[in-house]
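Order of writing sets the labels: A, B, C, D, E and F. Residues in every chain begin at 1.
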Amino acid sequence: MYSVTVRDHMMIAHSFRGEMFGPAQRLHGATYLVDATFRRNTLDANNVVVDIGRAGEALRAVVGELNYRNLDDVSALVGVNTTMEALAALIADRLADLVQAGAFGEAARELTGIAVTLHESHVAWATYERAL
Amino acid sequence: MYSVTVRDHMMIAHSFRGEMFGPAQRLHGATYLVDATFRRNTLDANNVVVDIGRAGEALRAVVGELNYRNLDDVSALVGVNTTMEALAALIADRLADLVQAGAFGEAARELTGIAVTLHESHVAWATYERAL
Amino acid sequence: MYSVTVRDHMMIAHSFRGEMFGPAQRLHGATYLVDATFRRNTLDANNVVVDIGRAGEALRAVVGELNYRNLDDVSALVGVNTTMEALAALIADRLADLVQAGAFGEAARELTGIAVTLHESHVAWATYERAL
Amino acid sequence: MYSVTVRDHMMIAHSFRGEMFGPAQRLHGATYLVDATFRRNTLDANNVVVDIGRAGEALRAVVGELNYRNLDDVSALVGVNTTMEALAALIADRLADLVQAGAFGEAARELTGIAVTLHESHVAWATYERAL
Amino acid sequence: MYSVTVRDHMMIAHSFRGEMFGPAQRLHGATYLVDATFRRNTLDANNVVVDIGRAGEALRAVVGELNYRNLDDVSALVGVNTTMEALAALIADRLADLVQAGAFGEAARELTGIAVTLHESHVAWATYERAL
Amino acid sequence: MYSVTVRDHMMIAHSFRGEMFGPAQRLHGATYLVDATFRRNTLDANNVVVDIGRAGEALRAVVGELNYRNLDDVSALVGVNTTMEALAALIADRLADLVQAGAFGEAARELTGIAVTLHESHVAWATYERAL
């Protein structure tokens, strides 16, 4: 089994709802390093899992929609606790949509899965994995 | 599938028994970066795998029992080769006990697995994974 | 010349004023890794630059005043562009005050300088250095 | 399930064939950090997955065959696009051969899998995993 | 004293001349992480050392001239041993030219120095520092 | 001004004397990442600060004298608090001796300084710098 991963990052503000979050219920922010992993059982004719250039551009586009924003004000996220876990799933699902729409080329339709990891610091990160 | 990981570290002395270990049979030591990963199929009502604050405290407590010790003198470890692999399993099992005792809250009972990685340097690390 | 560095981090929201900042004029946020370096020409009687435990606690206290906050709402920072550079200087000055107030012990009065580095991501960081 | 990973690196020149690769069709090069992971269900009598010293030596030997070379001139690789994915598989297969030839000792015959990750930069990496 | 650093990378082929270089006399390659640091005694009216966006673009442009190339074939480098040290100086000088040509804006004319670090791997790097 | 840095590591046991050290007065241990930096005003005829191969071997030799040891039992260190600061100075002085004994070649006699950094974890490190 093969995989390829590309890294980008975003810098956002947000707040959490729920006593569990303690001081993170206040408006604060984060730099998220975002790692997107694409999985496949065999390589394509070019010997790659996916065109790494296209993968990087797709990740940049998806991350760019959230970058430099206050997530509390993003209409699609109203009422959502934008935890690392939830954002990882949101980004993985958006990348899956792009794969299925052909944005990574025809060969990429043989991808079997996507995983997205968000690192909020050097001591905490979260991952969401899904099939394609 | 979702996971969340928190990192802590500990600084211990120990020695190994067995010719295979060469100079590491002598009393020496290590800083272990310790990454604890918690897995779950769906998120809880707060959109998290686990309360990351509690996870960090639990890891700190478990690691704290070994920190600044000579593992050769820890009674529970007498006669045990305290390799990265063995320590990763020991820490994962202790965290699993805490989850099952309710230390992470009721929602955490839906965790499906734990993985612990110990890094002994920038060039070597080991992982133990288990179900919950 | 000797130095010792300890690392902590904080997660804040803020916005910048000035066209130069482009999309960062919007409310967004950052995780800052914060490295505080203490310099000294010779070691003290314990063979250290500074008690690393106290240094870590002091850094945690200073960083804790900003952590999980929207810096646009912190009264001491009203009208200030809270760039990495400006925050590094603010944290270094607060640490210098603590050293001079004796919070690091008497021996720490022989410290000759402090440097603070903030990392906003894996690809950008800033440093402020000052004498003591 | 247990695993142990060792890291080494190599510095090679190569070029890619295929329009998809854009400017990487030109002769260029890379430093690859190479992480080799060995998996096993239980530990051996020494409490290890594999003798980490032997694992490091085996990885160094395999990587050493490619290090400081222009891969376009390596006869075994003629006509092969030497992507991270393809090189990860090549290295994993060579390590598997060594395990099966007994180079890691008798106990290592209980290894269940190998994974190799190549990092071409701080923002891109690829992995190949196989059973043993 | 203040500084700001931005990181980019490049992937090149090259060879060295001189017995000292051993196997690195063969055509091989490297990924260089390139960190460019800009120094200044005081901050400008925006509270920055330099517009970090412009700094990143300038570094990308300078690195882009070498990226995906065989340095042995770059006419400006004929007969030059393109060591980390030499490339760091070359990149720092190119950035200094851009500063002096006004590419970073008028305020950047108060920069006092530039340092460039190239990392060829996780275990070796080199720096060149110069005044402005 | 130029510099080149090479990284190695060592795994040692030790204890500290002095109330300030708290639980670190117990026998414990550390993995130290050890970075040795060599400084020089101009490059030599090969365009290097120092033969990086020789630098790496020298660092390995110096670190190797301490690796896999209990520093409390090393006769040269009896009664010494083997802090990061003290060990950095000890290693820098040993490297300086080797430079002056010609172990890095004749050209290396133009080195102007050495700095050694020890990292005891991902959140603490210390540096000693000296002239040559």
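For the reader, a short list of remarks on this structure follows.
Quick note on the criterion: contacts are C-beta pairs under 8 Å (C-beta built on N, C-alpha and C of every residue); 3 or more make two chains touch, one makes a residue touch a chain.
Owing to the predicted nature of the structure, the values given are computational and were not obtained by experimental measurement.
Comparing mean CA positions across the assembly, the chain most remote from chain D is C. If you compare C-E with B-F, the chain pair joined by more contacting C-beta pairs is B-F. At the interface between chain A and chain B, under half of the residue numbers involved are used by both copies, so each side presents largely different positions. Using the average of C-alpha coordinates as each chain's centre, A ends up farthest from chain F.
To fit its Cα atoms onto chain D, chain A must turn through 120 degrees, a value rounded to the nearest 5. Separation between the centroids of chain B and chain D, computed from CA atoms only, is 27 Å. Distance between chain centres (mean CA atoms), chain A to chain C: 30 Å.
Mean C-alpha position of chain A lies 41 Å from that of chain F. Residue positions of chain B touching 2 or more other chains: 7, 122-123.
Listing the residues of chain F that touch chain C in their complex gives 16, 18, 20-22, 80-86, 88-89, 122-130.
On the chain D side of its complex with chain E, the touching residues are 7, 9, 11-14, 23-24, 26-33, 67-70, 73, 120-123. Residues 1-8, 43, 45-49, 51-53, 56 of chain B are the ones touching chain A in the complex.
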